[in-house]
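For reference, chains read A, B, C, D, E and F in written order, and residue numbers begin at 1 within each chain.
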């Protein structure tokens, strides 16, 4: 059950990943009262802002400013406020992971103490940053639970469940849809959030179609016809619990 | 949530499979009030009764009688009564699947209208019967939902979730533990049920150790140290629902 | 290059499979002058006509009649005429493959001598018929090339390239999109063909979305932005040729 | 160690499979004194005798006669005598497995009591017979060890190690070379055996090249430069023993 | 179709990789008028020059000189001139990839604007350098297409098709032969090129045998008996196009 | 055959890995007279000493001291003396691999000239250090055989066989049990060694159960009922030899 005791940490490699791939999940958890924290590691200025760079005289600072406005507007549509969001402004394409960054994320996980982490899955064709971030998050999550990893001012976290976003081209990224999350009741919010990324119209329709396809799969796998739109996620390790779900 | 509205159908290829591999799950669902139905397809007289055949002058009828007594006693330990159990007495090793049997199982699924089906997973090294039964159950489950498959006196079922037992040698059977079910609170019942198969002492200890190992995995994956014993299952298709579990 | 020397054989398990999954390919080959032959193995009366069976007083004969009208209308939209189509009217769900049917299909392949065969791929979750047909077609294709398989009145075929349709839920069917075929220039025909299956509105939109997603993948993998809609296929064995394509 | 207490059973789907793919292994075991028994299930008259059928006026009986002469001559080169060979003369392409045949092979295994079974591996692209035979042999081997499978005049066998031949196109058959067997010291015998299949010159050179490539792999994996020619096999289940080999 | 508008970039980790594994492809593209550029990242002085180091008093400089002469001679046999070749002289075993090198290769790709890139595939047992280079090339190819990656004096490239060389031991390197390229008409050139690496006689025969085996596969998969020798490649992502090839 | 000419090198990421996962193998090789060398890369102070850090006022130095005492005591139980052991005291969680460390391990391999290397396998869920060490050891083993890798005072090693420990959660680590080693005759030693890690009682029972389960698998796969306890290992590349084992 989702409620105000549920802590969720979303880690997005670039400015818009959390919207295309997890916007429904975020809106759903926020709506149900969960404490959702978002870390955006980069603006995606180099690798995911092609349309902006097509503008004559574009500059890196200006791209970042635009992306920041878009991502904050989108996050707002999903129910997040600025206090829930950190932007770490790493360079993208390629994103480098080093010891200082590992410690920073480990600290963040210990601070949030998430029950659920949502981030990129291990394989994502055409997007090496997403693969690096997936390993980065997993490794930091492991460190966060180990009390021999001494970080002043922190206490260890319990092992969070980790879910992977669906990559853009799922089959060539070895994606397995372990969980299909119904997002019907928050889908209007996701649509509004996607619309904030005006320069990427092709992705808005793309992820709109995806939501419908996953809704179809949700109906077929469950026999429940009330599902309209859905998002798919991979699990990083087995589900553990008190019933067969 | 498990309650009296939860219908569960367990399909076991041989006399004892449901105990070694799903005894905890059965006891747990029964204990929580679910309606659990068990179909045992064969006595395992040819393929899984080696110890009985070591007795001088053994006969097929006698083996079946012994296996029947054992399985009913074990089922009782798990909380099942004879009304919950059907034994179809097919020949094992090899178990043949034909059209009449497919119709029979399709009818059974339509009658029980299970939310959950528990049976053998698709691969099980050294046990061709288990692999045949896995496909048999899956195919019947598909037929049961299709209203063009006209079986007098039946109405279509909704798509059940299907879970696969852990095979004996998991890695060489490509088993993936999608769900690890905590069975701590019913583990004494499972132990009692296993003890009913007196001639198979090596399996009693084997599945006892398994339960402990899966309990360890349950703790590591969840951070929840109250889990002591567990059972692992594969899922036949994605989990669909309203939260990330 | 596609021209009037190109022979194509499409084998569809049920009435509408060739439209949802290969309608663009068929229309494209017909448009470019290829000789396209279609074999529809069944009407899908039991397994893929749920909506028709929801009509009070429905009969098997009536379902078949409806499905036949629909499939012929759809085939016409794709450019096929009745001479190009055979309907073998096998029972579906489950479709049985036997020696007589194997010989019939082997004969058909020897008669058409296809350069390309398009049919179901080896795995298709929730659709056991599609899996049976995939093996059926592959095995018949092997037999068709062997001159020790003596079938009066036939001569052996050369090994055809075999392509697998994209299954409904690709990732859980281990589908690999080896070839993404641009169908932009025939997409209106495919839409018209899909519209012939009036009772299956949810599939019409489903496969419409799919075409757009595959169009997006086509653009990303090639850098060619003229691609709008596409269909994906698996290959049954390696591409052989005179250049790296 | 190979010696006169070592029982080996080789099961070949067609007339020449045991030569191309396991001729070196057979010669090596015979040379070292092992008791090697060969069962050839068919003459391969329909599926693997293309060259013979190119002869004007060819008949099935004549093809079988030719294949029989070739296979006996080849077996002789490998050190086998006619007492070591059974030809079951099943129809090939497709080879049907039924209950009577399963019992026959189970009996054979119980009679030979092999320590090692060599046969086709589970996947073999373009050769459905090989895949059927692989499952046939594995299933019979399982039955042979179960004392509830009562076959008059037989006693149960111990579980044999089972090795799979390398298929013709290894990568598209998911072949894993678990064991690479040095056949340098018997390679001349294998060459002589291959030469008995005069009509299949392209295979003689093909398997000659293969032996050299596997010899190269043997050297690279072991650092032992005395290996010249080798054969690769898959294992059906883990190696068990007293050292790490 | 290959012609003078076809740009090809070949990236070879060590001095001879492009010859053993892609010499036929290079010769074929050159012969058909394509613009083929070759980057050799290292001389392979540490890891692939064992025979040279067996010479008493050998020095690193001398090894490099010898390798350079050999590779230039071999490239000439394939139709390349020195203007088509760059040798970057990185240290091998292990080859380090850093930001400066990533930028250099990204620039190179933007300069050549290849339609086709040929390099090492993602897995290559016993050769960690090949695996590093595979990722290096893929990542640089992704960067080369993104207009947010600003490199003065360059313009973005379109996404190239990327093909992976066959690794030395294909099955244990998870190699999938997606494309088998007929090299019959340029095979004499490849033989001449291989002969330039005099100290590696065992590889000359090894890759000679490989070419024959792949020729056999080419014939079997296509039914085209004019293919004699061939080379196999993996594809990094799906084929996109206007027909089913 | 194991004897005094057999050189074994065991490389353990943390203080206790070699005991839980390879203690039986070590004891067996020592008992049979082999020359077994152990390198422990770290004390596991940060990642595998949770229980010690639960002690009030714990320090890193004290944790290392405790771990050192435990590991030396355990190694002694397995028959190793301090001359056979090197502790490199790298920081764990995460363990960094750099050029100096690569050279150090390459030297060590050239010094020991192992026939067998035992270390971590390539995948180990929840344990990124184990994965890094697996690649570290494999790469160093490759370098150790190449005579172009000039390290003063060393001579090249022959290619060792490399075996991977069973990871803690085998199925989610893609572990394949290629070899199951009977450790019945040294199992008391392993138990004694495990008991040296007093603070990790849950692992002592865990690996005790594992040994029994693997013993069961050993019996089933071989038909040899004398096997009681066993350890499973993966192979890094194919077995090469003179018989089918």
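Basically, a contact is a pair of C-beta atoms (placed from the backbone, for glycine too) under 8 Å apart; a residue touches a chain by one contact, two chains touch by 3 or more.
Source: prediction; values computed, not measured.
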item: Copy pair chain E, chain F: interface residue numbering same or different (half cut); value: different
item: Chain D and chain F, separation of their C-alpha mean positions in angstrom; value: 37
item: Junction residues of chain C, two or more chains touched; value: 126, 169, 172, 177, 217, 220, 237-238
item: Each pair of chains that touches, named by its two labels; value: A-B, A-C, A-E, A-F, B-C, B-D, B-F, C-D, C-E, D-E, D-F, E-F
item: Complex contacts: residues of chain A adjacent to chain F; value: 102, 135, 138-139, 142-143, 146-150, 237-238
item: Partner chain D, residues of chain E touching it in the complex; value: 126, 168-172, 175-177, 202, 205-206, 209-210, 212-213, 216-217, 220
item: In the complex, chain F residues that touch chain A; value: 45-50, 52-54, 60, 63, 93-94, 125-128, 169, 172
item: In the complex with chain B, residue positions of chain A that touch it; value: 1-2, 25, 28, 116, 118, 145, 158-159, 161, 163, 177-182, 217-218, 220-224, 227, 230, 232-233, 235, 237-245
